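Two complexes are shown next, each including chain A; its partner changes from chain B in the first to chain C in the second.
Then we have the complex of A and B:
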């Protein structure tokens, strides 16, 4: 069974349809990139996968032993967060909250896991730095570490490279690829950056109020819609 | 100075005020950090005005003030959060509405029953003389409950304060913890209001958190620093108020302001 299975899913917002007739699935180990223009319904779909918003029709299953609260999520940053007084360690540790249950305090294994993820992302030396003093790229890595702490299988990344310069963007993409390959985590990523998406992803889901394309990256590059969308970006 | 303190402690009403004040200051500063960071600073203000109305009604009906004010404020906190989340009234507008609306109800009740007198002034600007023995007991009990709940839920409150969406996505009931924060705030506001006054209580919530954030960079150190600052400012304020017979609430707030300015200055110097 697939990790995520979307069947005839439609989302409405205050009565009007924002995203209709989605049919796709995500298998273990895949790297799916969701692309589309502003207002195409990308964020809505992410909310649906995370169970923050229920579809008005159809259903999204999670299978293969994946529980919804074990999805590691990298949200878009809010303004309030940028100057939040918290240490990197405190932020990453909060990713272990779902293993806490009704217990009030974290266990030693939770803390060890935090150190492991910090090492994996190469930010162990930032451990006791303040989150608000980090650069945008470093902050994204911290939030990625938190997402890794929360997840067993699946990572959902919402526009992870927004606001990063090209070098940091490349580094972050490499890191995500490494997590996909070496840590065997399944990745679902929303992106504006079509080139980055096509370069790294294994599958593409193109949205525009409905599902315009779903399939392997190689097929997307050959398809009419794929060529048009990638072409438009290159003209910019 | 030690002599003066010994002299102060010989008055039972001052001992009560000190014990209750220190506990309430602790509660207020802990909750204040979350409220300021979540951009909910105005909630304390809104709740204190509701508390004022509740006190006025309780006074008119001749019942123990806290037994009316606490449930009313808890309900108001609940409503405020609801309005923040899903209504056409935006958060700040809802708070402003509640503030002036409740104040009007309070003033109306007073003028129809007892008329404006020193009691009313005490509600507005606070007085340490206004607490009965029952009030003291209930204040001590409730503030200890608030402190214990805060420590037990510390990790969850941090997660919900830092990133509500993430917490929700990984299966934490963010709404429940938001409600818990609002509820604890409501209780704290009512308990502190008698001493600080309805118009001044929200500074007890906001100032220590803001001052601590000037200098501290970790969440835990902000919390600890805010708690210490809050208690220090309270004791300094009450000492000054005793020495120079100034209003207690206002003296404490002035101490908070001075502390904030000091911390802001240190921050500026550090940045250079």
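Then we have the complex of A and C:
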């Protein structure tokens, strides 16, 4: 069974349809990039996958034993988050919150997992640094480590490269690809950066208030909408 | 128990300012109130809730007015119930409505304070209640200190239980919800805690300055700390330090204690601002 299966899904806000007729699935080990213009419904779909918003029509199933709480999620950064006096270690540890239950304190195994993820992403030396002092690229790595802490299987990344310069963007994409290949995590990433998406993803879902394309990356670059969208991006 | 405290103070602090019993009571009250203000202030500052906590003070004032109107000698119990309900209503509406948070809080806050003033001035008897505006810490009694102790213990336990969830809610609400945190419930518990401590303290600290006591220590701590543990600890230290220094200063200067404490907190805040770049 697919990890995520979206069947005839429609989302509405206050009676108005914002995203209609989605039909796609994500299999274990895939790297799906969701692209589209601003207001295309990308963030709404992410909320749907995370069960933060229920579809008004259709269903989103999670399969293969995946529980929603076990989805690692990297949200778009908020101002509060950027200016929070928290250490890197504390930020990453907050990713283990779903293992807390009603207990007030984190377990030793949670703390060991945090160190493991920091090592994996090459930021162990930043452990005691204040999160707000870090560069944009370092901050995104920290948030990626936090998402990894929460995830056993699937990572959902919402615009992870926003605000990063081209070098940092490339580094972060490489890291996400490494997590996908070596750590065997399935990736669902929202991005407006179509070039990055095409270079690294295995599948593309193109939204524009509805599903304009879903399929393999190779088919997308040959499709009319793919060529048009990539062309527009390159012109920019 | 109070006798033990009085003997302890006589031994440890053989100073003139603490010779009187009312000063010993006030000192103990400060040691119980200020850490809570420092603690709760950390989340208020992080979540940009200063306006919200100010509104809670207004709600507490209205609660006291209602308590007084229905004939309670000590209207604080009615005030606690009213201000918790008031806090919960604002929290729920803030979460459900798409209107600006500032506007919602502003509307409720203005109505609450106006309602409180109207009720307390009925029949021209407002002077009797004007102490709620500036507070009188030196009037605190041993039974009120006992109430503070009980509240202190309950709040610390609740804080330990919800802290990690509250932290995630304040960092990113949608992330917290995706982790299964009942964000509205956590927010409601937090705002209720703030409402209770603000309401209880308002008679000693005063409506006009109570919010500064919540905001200033945490705002100062935020300037010079790099992680959550430090942030919480330094906020508590600043709050307690300002409380004790303010109490001593108010004794020698013969000034309102609550206001003097706030002034000390203000000075500490500007000092932290000056050191901001060195620490954080």
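FYI, the second predicted complex is superposed on the first by the 236 of 236 C-alpha atoms of A that agree within 3 Å, B and C clash if a C-alpha of one lies under 4 Å from a C-alpha of the other, contacts with A are read in each partner's own complex, and residues count from 1 in each chain.
Going forward, a contact is a pair of C-beta atoms (placed from the backbone, for glycine too) under 8 Å apart; a residue touches a chain by one contact, two chains touch by 3 or more.
Remember, it's a predicted structure, so these values are computed and weren't measured experimentally.
For the composite obtained by overlaying on chain A, chain B and chain C cannot both be accommodated without a clash. Using the contact criterion defined above for the overlaid structures, shared-chain residue A:223 touches neither chain B nor chain C, since it reaches no partner. Of the two partner chains, both chain B and chain C are touched by A:85. By the touch criterion stated above, A:52 is placed in contact with chain B and with chain C alike. 50-52, 68-69, 71, 73, 75, 78, 80-81, 84-87, 90-91, 94, 97-98, 100, 104, 106, 128, 130, 132-133, 150 are the residues of chain A that lie in the contact sets of both chain B and chain C, per the superposition on chain A.
Contacts from chain B toward chain A in the complex involve residues 37-39, 151-156, 158-159, 162-163, 165-172, 213, 216-220, 222. Of all residues in chain A, only 50-52, 68-73, 75, 78, 80-81, 84-87, 90-91, 93-95, 97-98, 100, 104-106, 128, 130, 132-133, 146, 150, 156 touch chain B in the complex they form. On the chain A side of its complex with chain C, the touching residues are 47, 50-52, 68-69, 71, 73, 75, 78, 80-81, 84-87, 89-91, 94, 97-98, 100, 104, 106, 128-130, 132-133, 150. The residues of chain C lying in touch with chain A in their complex are 46-48, 160-161, 163-165, 167-168, 170-172, 174-181, 221-222, 225-231, 280.
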